[in-house]
Every structure is written in C-alpha cells, then in structure tokens.
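You will see chain A twice below: alongside chain B first, and alongside chain C after that.
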Partner chain A sequence: MSEVLFRINELYKYFGATHAVDGASMDVYPGEVLGFIGENGSGKSTILSIISGMLKPDSGTFELDAKPYTPASQAEGIKSGVSLIAQEINTLEGLSVAENIFLGLEENFSKHGFINLKKMHQMALDVLVASGITDIAPEDDVRHYSIEQRKMIELVRSFFIKPRLLMIDETSTALSHVGRDELYKLINATKEAGNSVIFISHDLQEVLRVCDRITILRDGKIVTSKMADEVDEDQLKTLMVGRELVGSFYRTDYDAKISDDVVLQVRDLKCKGLGGVSFDLHKGEILGIAGLSDSGMHEIGRAIFGIEYDVAGDVKVVESGKSVKTIQESIGEKIGYISKNRDTESLFQAASISDNIAVHCMDVLSKSIFVSPSKMKKFAEENAKTLEVKMREVGQNVSELSGGNKQKVAVTKWIARGTEIFVMDSPTRGIDVGVKAVIYALLVQLNKQGKSMIVISEELLELIGCCDRILVMRDGRISGEFFRNENLREEDIVQKVV
Partner chain B sequence: MSRAKNILHALMPFLALVVVYAVFKILQPARFGSLPNMWLFVQQSLLLSILGCGIYFLLSLGIFDLSVGINAVISAMIGQVLSNYLGGFGLFIGAILCGLAVSFTLSQFMQRLPVNPMIISVGFILLFEAVTQLLTGSNSSLQIDNSFRVIGAFPWNVIISLAVMVASMIIYKYTVLGVYIRAIGSEKEIAGKFGLNVAKYTTIAFVLCGLCAALYGVVNLCYSTRVAQATGMSSATAAFRPMMACMFANSFKKYLHPIIGMFIGILFLNLISNGLLANGLESSLQNIIIGFAMILIVRASNKSRKYDIVK
Partner chain C sequence: MKSKKLTRVFSQLSSLIGLILLVALFAILTKGTSLTMLNIKTVIGQSIILMISSVGVYFIMSMGMMNLSTGGIICICCYVLAKVGKINIPLGILCMIATGTFIGFLTGVSVAILKVPSFLATLCVSYIIDGLIIQLIASQAESIPFALYDMDDFSFKLPLLIVVLAVCWLISTRTKFGHHVRMVGSQEQAAIYTGISVNKVKIIAFVLCGILCSIAGFLTAVRSGTASVQSGQGMMFNTMITLVLGGFPVGGGTKSNISAPIIGSFMLQVLTNGLAILNVSTTIQEAIKGVVFLAIIIIMTNKGNIAGLFQSKNSIKANNTLATTTLGEKQ
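Up next is the complex of A and B:
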C-alpha cells in the first residue's frame, strides 16, 4: 500500500470552544475500505463533512491522487470524485426518483436545457434494476417512499456517479437486510474498481466484516488505526471509549419470572403489512419483537400507538379496561412510543431540549392556559439528568445534539410523563457503544420499576441480551416465541425469521 | 394504487367543475350557465392563468409573493406610456422590460437582505402603488388607444394565455430549469449540495414571474382599455385568486399537471363566484363559500394521498 489515494494533513475544526477535529492526519489507500469508529461526538462525521465540502476546515489540507483537493462545496467534491452518503436524508421531495438520482447530472439526457423524460426514466430504471431495486418507480415523487427506500435512491445515485472516494456515514442502520446487501455491493464495486471507501458505523461487527482497516477516533483525535483482521470487537470498544469495558452490556439474570399481571392486550391487530397479531404484555416485562424490516415488526409499534392508518383489531390497556385507537388515547393511557425514525417522528428538531421533554407534560406544568418558563426549564433539567443528556443547557436546540443524545431526549420525554408502557422501535439505532450501554441500563432500570416495554429491533443479540420474551415476526404474523434463557442463540431466532 | 384510481383522482377537479356548474344551473337556469357566459368565464380564467403561471414558479420555490399584482399594474402602465410613442412594440417592450426589472430587483432584495420575504413583498407593493398614483396623476387611471383592444379580445387573449401556459408547462416539467426550481423549493440547502446555483435559479424564477405579470398586465389593459392606480394594497388582492388556484393545483399535481390544475382552480373559483352572484349573494358571503369549497376540495384530494404512502 505505498500509493495514497487520499491524504488528510493536520486537520483542525472548532465549534466555539469545542475541538471537533483536533489535528487529524491519515491516508486512505486505493481499493481500501477504511472504517471510522468512535463515540458520538468523536469527530467522525465532522471529518467526512469537511472532506465532502459541506464544512470548511479551520486549518489542514487534503490531497486526492497526490494533487491538492480543496472543495468549496459538496458539488465540487462530487465533481472531483468524492461522494458522501450522509446520515440525514438527502433526497428532495417534489422531485421524481429519476430527477433525484440525476440532479445536477442532466447532461446525460438533456439538450439545450430540455430534458428527454423518457430517456431519463429509462436510465433511472436501468440503474435501479442494476442495483437490484424493483419496487421503486423512476417517475414517482420521492415523498411517497419510506426513509429506507429514499436512502436506497441515494445509494443508486452513488452507483451512477462511481466516485473515487466514497464516504458512507452511518447509513446501514437506516437499511433493512436487503438494503444493507445493496450497500455492501456498492462498497465492493467501488473497491474492485480501485477506488476507496470510508465507512462509519456503530455496529462494530459490521465494521469488522466490511472494512480492511479501522481508524479509531476519540475527542476529535485519531487514536490509532488497526487492520481489521488484527482486532476483535472488545478491543475496538476499549480503544473507542479509552478504557476497558468491564462486564457485559446486557442483563445477566436468567431466573426472573414474568409477572402474571397483563398490562396490555393486543388482539388480532391488522393493518397494511400486519396480518392479525395477538399477544399480551405483562407487568414489568421486556417483550422483544424480532424479524426482518418488512416482516410487520415496525408496524406493530405504530399500530399500538395509533400512528398506522386503517388499523383493525383491539389494543386494550387492562388496568383501565380501555381500548386505544389514537395517539391521544395511547398517551392518555400512559403508553409512550419511540419511533425508529428518531429525527422525523420522535423529536421536534427545531425546538429546544426543554420543549421536547416538556411537550407531553403540559397538564402537569401548566396552570390554566399559562406555563411558567422557569418551571418548565427546571422540569426539563431534572429529567435530562436521568439519562445524562450531554448538552450545554436545556434551551439548546435538539438538532445540535449527537445521535445518541437525541435518543436520550426521546426516551426522557416519555419517562418525564410517567409512562407505564414503552414501545421502543429500534432504540439503539445509530448510536454508539457508550450510549447503547446507557439505553440497556435504562431498560433494566425501568424494568425494575415495574414498567413494561415492547422493544422492536433487528439486532437479535440486543433482544436476546435484554428481553424476557421474544416474539418473532414473519410476513406480518408471529412465527415464533422464545423465553429468556442462557442457551438462546441468534440461530434459533433466525430459523423463525426467514 | 391502481391506474383506475389515478384516473379518478385526475378527473376529480373536472368533476368538481361539472358539479358546481350543475348546481348553479339548477338553482338559476335563466341567469346562469349560458354558453356565451361560460365562454366568457373561460376567457377570464385563461387571462388570470397568465398571472397564475408566474405565481406558480415562485410557489415552487416556496415563496409567497403578493407583489405580483402590482408588478402587473406598473408594467401595464409603463407599456401604455411607451405605446404612445412606439405603438404596439412600445406596449409590449415597455411592459416586459418593466416586469423583468421589478421582479429582478425584488429577487435581489429577497436573496440579499436578511429580512422576512413577506415584508419585502409588502414594501414593494407600497412603493409601486405610490408610483402608480404618480403616473396616473389626477385621472386615477391610464387609458390605451382603442386599436389595442384586439389584443385583449378573442382570439389573441386566448392565444397569448395558452402560449404562456404551454411554455410554463414545458419549463416546469421538461427542462433542467424546471427541475432545479423544484429542487430549490424542496430544500435549498440540499439543492446547493448537489451543485445547483441556488441564487441563479431563484433569480430566473423571479424573472419568469415578472414576464408573466407583464404579459398579464398588457392583455388585461387591452381587454379593459384602462389601467387604474392601485391604493391601500388593492393590487395584492389580484394575486389571491391565482395563488389559491396554485395551491389547489398542488393538491392534484400527482395526477394532473399543476399548470392545468391551476387553470381549473381559477375556473372553479370564477364559476362559484359568478354562480353565487347569479343567486344574489353579496361579495363577502361569496368569499366565505368560495373559501369553504376550496378547503373541501383540497381536503378530499389530500385524504386520498395518505393511502399512497409506501412503507
């Protein structure tokens, strides 16, 4: 690996007093997949944003193929062969799928400013099909597609661009297994063409599987780089957090008995993607829901909370004897829901941490129609301490927080309301190992307080490690049930998933 | 979503027109709905659609600009002044250059000043309404030579309106410019990341809007032979109906080209307005009923959209 495809020299970036990137220097070699790992706020995404041209560095230089590379914008970066698939959704509503794939690249099918729509749609269809995607139509407005499908559209765009340096920032968590396969295909194609990939993921097993070399960041500094075949997951965790992680993340008890008291009865729940599901949730139980992304697992949470359209069946809160059908009824019956689409469905991005935490507690905080700002601030501060949200102050906007801290706020707002039944869809999606540990500890803590939880997750190890019972979903129905025991393995569940 | 359902949704605005026509025709068979009357409504709606096309370009950028109305008035006035010296050439060139200059200036103010666009829009209305008063002096209006009436009458009014609509339809859907305008309107930061020159295409959208305002001003002037001074934000009301029609069009744009949807929206509003007038309802009550009808139609179209979501 003598030749260098991309070089970073002494990169610095400050946000106020925070050293987001603190003197980072590194090389990326041709045909290499380089993993970037580190806790939330370690500077991974900031470095990629600077490389892509989205952010300006305070100092430092780049070289691409031994030539100076100084992108003034992301567009210039793309033109130079550097492409970023970011964490956030980067497709534009109001534009068709084809228009999104080829935005800024219309010269392939336009003449004198006029677009040959037929040719554009055909080209888009060809690229989609070549990427193994058959359920997305080129002429449809992207607003009609799910977040995952929109991420796939971004991947297809990258397939088309064929970048010299492809950067993927925590994208795989937004994708199902099928989507991830497509992502890996894109990575392999880039690698085989002699180009390079920088890959960020909090899933360390995935990083070890996908990457050739792994660079570890901490507090904006590059700690070290290791060849993927020289390290294991535990060593990476230690390097990430700067200390040895003692013990397991997960629960170690296997003898806890599930209470006989039922708190929530779900009967013949049906909606689009869900074909009649019945189960009971017991008091103090952590009930896991496993399955593939399109198995109906995510719809269960949405249907229980009242988000899904055209829901049939019954969701009854046993203590009150009331059936819930709407979001308002669910909140009234102390049911809380944390969506897998954290940024768009669980938080008000443009609002403060204080507003986000207090929004569901207005009945407690208000006097008639008035709310005391100081009372609200104090309430938010007290509750934010529960999960140790890393922030400057509660008046800070949620959009400024890292992914893990956003998730803490999303959970905190329901705890603050005194929620008894938590429905958590992919609660550790896109968050680092340190925050994951906090979330797992929180599950145990809530469990001890007698709260009941439905945890929906595609990460089987997480469910095996945390849940009292696991229901497996396949084709919109429950295909299996497993109780907590020491001998339960991923393979047992996979048998029922596929 | 089946093809039949899509066709049904595309037909919904047309069905709404038929229903409204039928209701008023039954209520007032003698005073409403004669063929010559309907033809007049269509011509009036086509004329207002010229302004609607301009407004739609700005709405696609996410900008609500009420100064489009005063741009049309001031452009017509400048056209009228120049027509006295240069005839028809002066009428068109004067109006178009004025429309382009006003909209270009407005675009620069809106992009460069860190002020709410609505405040800039209102500022322009107040400024140019004062200019119209200066131009008209004590007469309170400017009159054009009767020989120009031909431009405001059939077939030229229809030809010009249709030409603007067809050009707008092509620009919106079949050109790189149209794609970029929609991209910027969707999320200008992301559009910028894709390498789009946001300032350039925003300015072009404003200029297109100015061109439409000028053409509307000319045809309207030739139709009525006079253009009156505007006072007390009265020019802003000219933009309300096409703006409502643009929102109507947005609700159906998955099934129907928005420029066609916008024309149907204007026709729909004109039809209700005239139907209510035929039934003797005063204008304030007319506005209430028009408002409710629009909400119902848009709600009906949005309700159907929720089932389209692919999960």
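Up next is the complex of A and C:
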C-alpha cells in the first residue's frame, strides 16, 4: 500500500460562483477499488470528469505512477491509461458497435489509412463473447440497442482498453442484474491486474459491497476516507450529509386508510409495450408501480399523460367525468407528469428557474394573452420557496443546479399550478440519500395535502417505503398488487416482477 | 461578485457597444461625412425595412429555426400591391398583407404539422415565389400606383416603425406566446411535456413573420416605386446577419432578445452605408458582409475560446469523437 498509483494535488474547479471542487487532494493505491460518495453537487462527477480529461481544472495537478499527468482531452487520458464510464450514454449513434468499442483505437486495425473492418468486427465479436454478451452484433448501429446494452458496449470497451485507472460514474442504475454482474467482473479484473478503480454510486450498499476504501465528499471537499469494512451504511450517510440523519428514511405510518373516493380511472389502457391495464387511483393515495424497465411501467405514465401514440382505452378523471387523451387535456384536468429524463423532458436546461416555473403556469398567471414579467418573477420566487430550492436567485439557469435541486424545480412547476394528480416516473433516479429523503418527505407532504400520486420506480425498497399500494408490472400487464404493510419485503414483489 | 455583474452587463450591451464603435470607425474613415444629418437620415431610412423583416425572422430564429423566404415574401407582396393596387389601393394593401399571412401560414403548417425542416420549407417557398414572379413579371417591372409614392416619407415611415416595434416588443416580452417561442427554441421536448401547443406556436410565429415581411414589402414597394424581380433581393441573408450582429444566440432559445434585430439592422446599415461612402463597390460589400457574418458566428459558437481551436489536431478530433450524448430515450 506504500506506492501510489494516482495522486490528486490541491484540485480546484469553480463554475461561476459554485465551488464544484474546492481543494481536493487524495491518493489512489494500486489494486484498490475506491468508492466516491457524497450528496448531489458534492463534486464527485466533476473530479472524475477532470481526471478523464473532459474538463480542465482551475488549478491542481495529477500524478499517474509518479509521473505528472495532464490530459488535454479524453482521448489523451485513455492513451495514458485513464478511462471513464460516465453517467451519460457515451456511445455514438450512427457508428457501429465495433466502431464504438474501438473509438480512438482505430490504428490497431488500419494500414496506410484504411481500416480493416473485417478484422475490427472479428475483434469486437471476440471481446463481446469473452464478456459473455451474445445479443449484440458488432456491425449493427448502436442506435438499435437499449440504454443498458449501450452501457454494456462501454463496459466491453473498458475491458479492451485495460486502463491503469478505471473510473465508473453512477453506471449501475442503468443496468439490470446481469449487467451489474458484468460491471463487477470488470472491476475485479481491473483490480486483479494491479490497476485501480474509482467507483461512484448512490447505492451505499453497493458501494460497501464493491469497494475496498470509501472517500466521502461534501461541498467539493474531501471529508474523510474509510476502509469499507470499518463503516456501515448509517455512518456513511451521516458523513455525507454532515449531520445525524434522524428518524427513518421512509414513511413510518402503516395504518393510513386509503380513501374510497376514486380520482382517476384507468381502463384497459393499451399502447406499444402496454397490453391492457386497468386500475383506480384513490384520493390521497400514493400508488407505486413496480417492474423491470421494459415491463411497460414507464409507458403507463406516458400513456396516462397523453405522450404515447396510438393509445387505446380510457383514462377518466372522476371529478369532472372527462376522459383525457392529449397532454393539454391532462394538464387541464390537473394531472402532472414528471419524466424520468429530467434533463431533456421535464426541464428547460438553458432557461432560468423563473422561466421554468412561470412558463409552466402561464394560464394560472393570466387569463388573457398578456403576462407581466415582474409577476412571473414574483410567482417563481414564491413557489421556489415551497420546496426550498437551493439557488442564488430565480434568474439562475437550471443547468447549474444539482440533480436533486433540479427535481425540486420540476415538482415545483406542477405544484405551482395546482396539480392534483401527480404521475412521477423514477423521481429519485440519480439522486442521492440526503435529497432522496427530501423527495420522500415531499411525497408525504403532497399526500397530506390530499394530492394523489402514481410513483413509477425500479427501486422496490423505495416503493415499499413510500407507497400505500403497489402494482407490479410484467410484460405490459399488471401481475400483482400489494398493500402497504410492515411485513412486505422486496422478495415478495420480485417474484411477481420476473 | 461585482465584477461578475459588470461582465454580464457588458455582454448584454456588447452589440450596442459594437454599434457605437462601428459608427465611430466610419466617422473617422469618412472624415465625418457619415455623421451628417442627411446621411444619418439615410441610414435610418434604409434600416426601417430591414428592421421590420428581421423582427419577423427574430421570432422564427428564437424557436431555433430558419427563415430563408423573407426576400421571396417581400417580392410577391410588392407584386400583389402593384397589381391589385391598380384597381383599388386599400384593397391592394389588404391583399398584400393577406398574401404575407397566407404564405406564413402555409410555411408554418409544413414546418409544424408536416414536419419539414424549417430551412428546407422556407427555401422551397422562396424558390416557388421566385419562379412565379419571374413567370408573372417577366423582365418588365410592374409600377405601383402613384398615390403610394407619398408614403415614402419619414413622417409616415417612422411612426409606422415605432408602432410595429412596440407591438413586437410587447408580443415578445409581455405575452404568453412570446415566452413560448423562446421555450420551444430552448428545448422542444420539454416544451411539449409542459403542455405548450408547440405546433400552434410554430404556426403563429410563421404567420407573424409573414405579416411583418408583407409590411416590409409595402415599404420596399413605395420606396422603389416598382415591383420587380429585384424587390426584396438579398433580404434573406441580410435579416440573418442583422440578428447575428445584434447579438442573437445562433440556436435561439431563452437568451433571445428583441433588441438584436433593432441594433443589428442599424449596424448592418452603418456598415453598408460607410462602405458606400468609402466608394467600396457593392459586389465587394457583399463579400465583406459574408466575412463579417462568418467571423461573428465563429466567435459566438466558440464563446471566445478561439485559442482552443488551434490546439493540436489530435485533441480536437478527440473532443469531437467523444462528445457526450445525454441520457435520453432513443428508442
């Protein structure tokens, strides 16, 4: 443990007034898996982006194997043996699987400037098969593959590169169990070769299981590092948040009675990937929808809100007796939808918080075609307070906010316009403990106000913890129904899921 | 904090400062000729048509779209005014505005509902009009009614300009539509999920642009006294360079500001006028405009990071190939 594989000296990175990384120094030792944990906006991803060469630091230096390491770009980083599997999808559409795997490494297959495609495809097939992946063909365009499969392609790429330092940023959430096993295999292989891994995940249990040592970050600073076998989940949470997390994470009540009043009737809802689903949503109920990603669970939300095409069946708002088909009709009947793709679908990244909130509520703000800018700003300021969005001012761009705060803005938009029925698709995706608790508290808060919610999530524990009732989806149909009770365990639901 | 605020104010005012610098530059180069009252009046007079049509294009480009049919709409509006105006002048003006509105509507429908990319749709419209006009007018220019010649006067044009600008400013900053336009340009998918009727917004924007172009067409006709194949020529490019000179963000979106077409058209006219006083031939002027346009686009798209463009070849290639796509549904 004496020699150091990678060293970070006094790293600083500011984004405007935000101190994303504020003087971080640390060492990574050969053959270790180092976990990086911290709340959203604590600087984890920023540090990895800088190490990979994607971002430039304001100041600070790196040493790789005791030699200075200053990557000008990601490709240079890879050549030096530093590779990042980012949170975002990093495969390029329009290129084949093989081309993606060997991106920037084409010289291995080229002669006099011509690339030997056949050799490349064969090589790609070899590495894919070696990783136990048989459902991906090297010559196909990556756009034909799902997000998970594309992540696998990135993994395979890292297998091939055999980096000295492998960095994995919040990848497991996009992967199923099989994919995760591949990921862990890659981590182990890297470790056994005497190379190191930096691993970021919001799932603390996973971090504890996978990592040898865990470094905790808060507000761009490194708080401390702990050996994984010396700490437990609660200690980590406390270290991350910087204060004792009191009480339970989830709801504690088990005696809440669901009202008999139905607010939303869904009858035989059908669309692509959804084969006829019927259920009632009761007033003040938190209804969870569980399942695997392709079980039709996401389609339910999209079909109710009117996003999916060719929807058959009926979604009826009981109070008004109206059936809703389009997005406008749904919004008119006080249904709100929060997409799982927060950054592209539920928020305007390049717009201010004020614009995001106020433009969403134009019809509430004014009945005529005119609307006053000062009124919009005031409206946004007032509403941003309800969920305590962490910001400098409402004129600030949403893209500058951390994941949890973005989600707060996304929910605020709907609360501000008096939405009664919330459809939330994966509301805590990519959000960490401190903020997750806020989102759960938010669900309860909305619930107390008598709002009804449909919460779609792949995380069973969170559904068990929050929901009054859980519907389980399999192959586009409802395969099970569970009511809130203390003895409900994850395994019970899993049986219905697969 | 204070310096940060200053830089923000500076970046907002940068195009205004650019305008002042440009005026000063030509004042020196032309030894004061460009600042004579007569010349200032000429510049303002020339800016009016450009300003009105660029304000129209402003709404389109705020949505992240293009409008290449400005010149064409102006041209056909001139023709309609000349033809129908011979029968009855008010009817002529009405028909002219109806023509602009109708073309705007058709373009809007093909862009919004038929999903034709805006630059293609408007380019086609432009060619269709070109073809029609050449067929209709042949080489003979159509003269407009004499009574309309009086309209080419400051006492009419300036109030008209002020009213048009005031209305457009109101639309852009004080109406729901004005905000929606920018949100569509900012992120269309999010706009749809927010419940904005994106198609409606698009069609209205194109109609609005069509109306403004027909007003510009009216002013073009009364200024030249004829409707010819040349009417509105060069407008397509001039409106775009105007917006860019005025500091308009290339992709549109929330940072779009209606001051861009106003300041930009003054800048372009000061430039054109100054070059004319300096006896630079009109053909070379076009070339200069092209270079200026390209230069500004390069500066804007690279956000001042020009030095980064000249890094080693490898890193540029790497930056391009490893561009990250955001996690989104692509099925």
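Keep in mind that, in the parts below, the second predicted complex is superposed on the first by the 405 of 498 C-alpha atoms of A that agree within 3 Å, B and C clash if a C-alpha of one lies under 4 Å from a C-alpha of the other, contacts with A are read in each partner's own complex, and residues count from 1 in each chain.
By definition in this document, a contact is a pair of C-beta atoms (placed from the backbone, for glycine too) under 8 Å apart; a residue touches a chain by one contact, two chains touch by 3 or more.
Just so it is clear, the model here is predicted, and its values are computed rather than measured.
Novice: Hey, is it chain B or chain C that touches more of chain A?
Specialist: C
Novice: After lining up the shared chain so the two structures overlap, which partner does A:348 touch, if you call chain B first and chain C second: first, second, both or neither?
Specialist: The second partner, chain C, only.
Novice: Between chain B and chain C, whom does A:117 touch in the aligned arrangement: first, second, both, or neither?
Specialist: Only chain B; A:117 stays clear of chain C.
Novice: Should A:92 be classified as contacting the first partner (chain B), the second (chain C), both, or neither?
Specialist: Touch status of A:92: both partners.
Novice: Between chain B and chain C, whom does A:104 touch in the aligned arrangement: first, second, both, or neither?
Specialist: both
Novice: Quick check for you: in the superposed arrangement, does A:75 touch first (chain B), second (chain C), both or neither?
Specialist: both
Novice: Quick one: is A:146 in contact with chain B, with chain C, with both, or with neither? Answer first, second, both or neither.
Specialist: A:146 contacts both chain B and chain C.
Novice: Which residues form the common part of the chain A surface touched by chain B and by chain C?
Specialist: Residues common to the chain A contacts of chain C and of chain B are 54, 73-76, 90-93, 103-104, 146, listed in rising order.
Novice: Residue numbers of chain B touching chain A in their complex, please.
Specialist: 60, 170, 173-177, 179, 182-183, 185-187, 190-196, 254, 306-311
Novice: Can you check the complex and tell me which residues of chain A touch chain C?
Specialist: 16-17, 54, 72-76, 86-93, 103-104, 143, 146-147, 174, 305, 307, 327-328, 330-331, 337, 339, 341, 343-352, 355, 358-360, 362-363, 366, 369-373, 376, 413
Novice: If you look only at chain A, which of its residues touch chain B in the complex?
Specialist: That would be residues 54, 73-76, 78-79, 90-95, 99, 103-104, 106, 110, 113-115, 117, 135, 141, 144-146, 149, 272-273, 298-299, 309 of chain A.
Novice: Provide the residue numbers of chain C that touch chain A in the complex, in ascending order.
Specialist: 1, 4, 170, 173-177, 179-180, 182-183, 186-187, 189-197, 253-255, 311-312, 314-315, 317-319, 321-331
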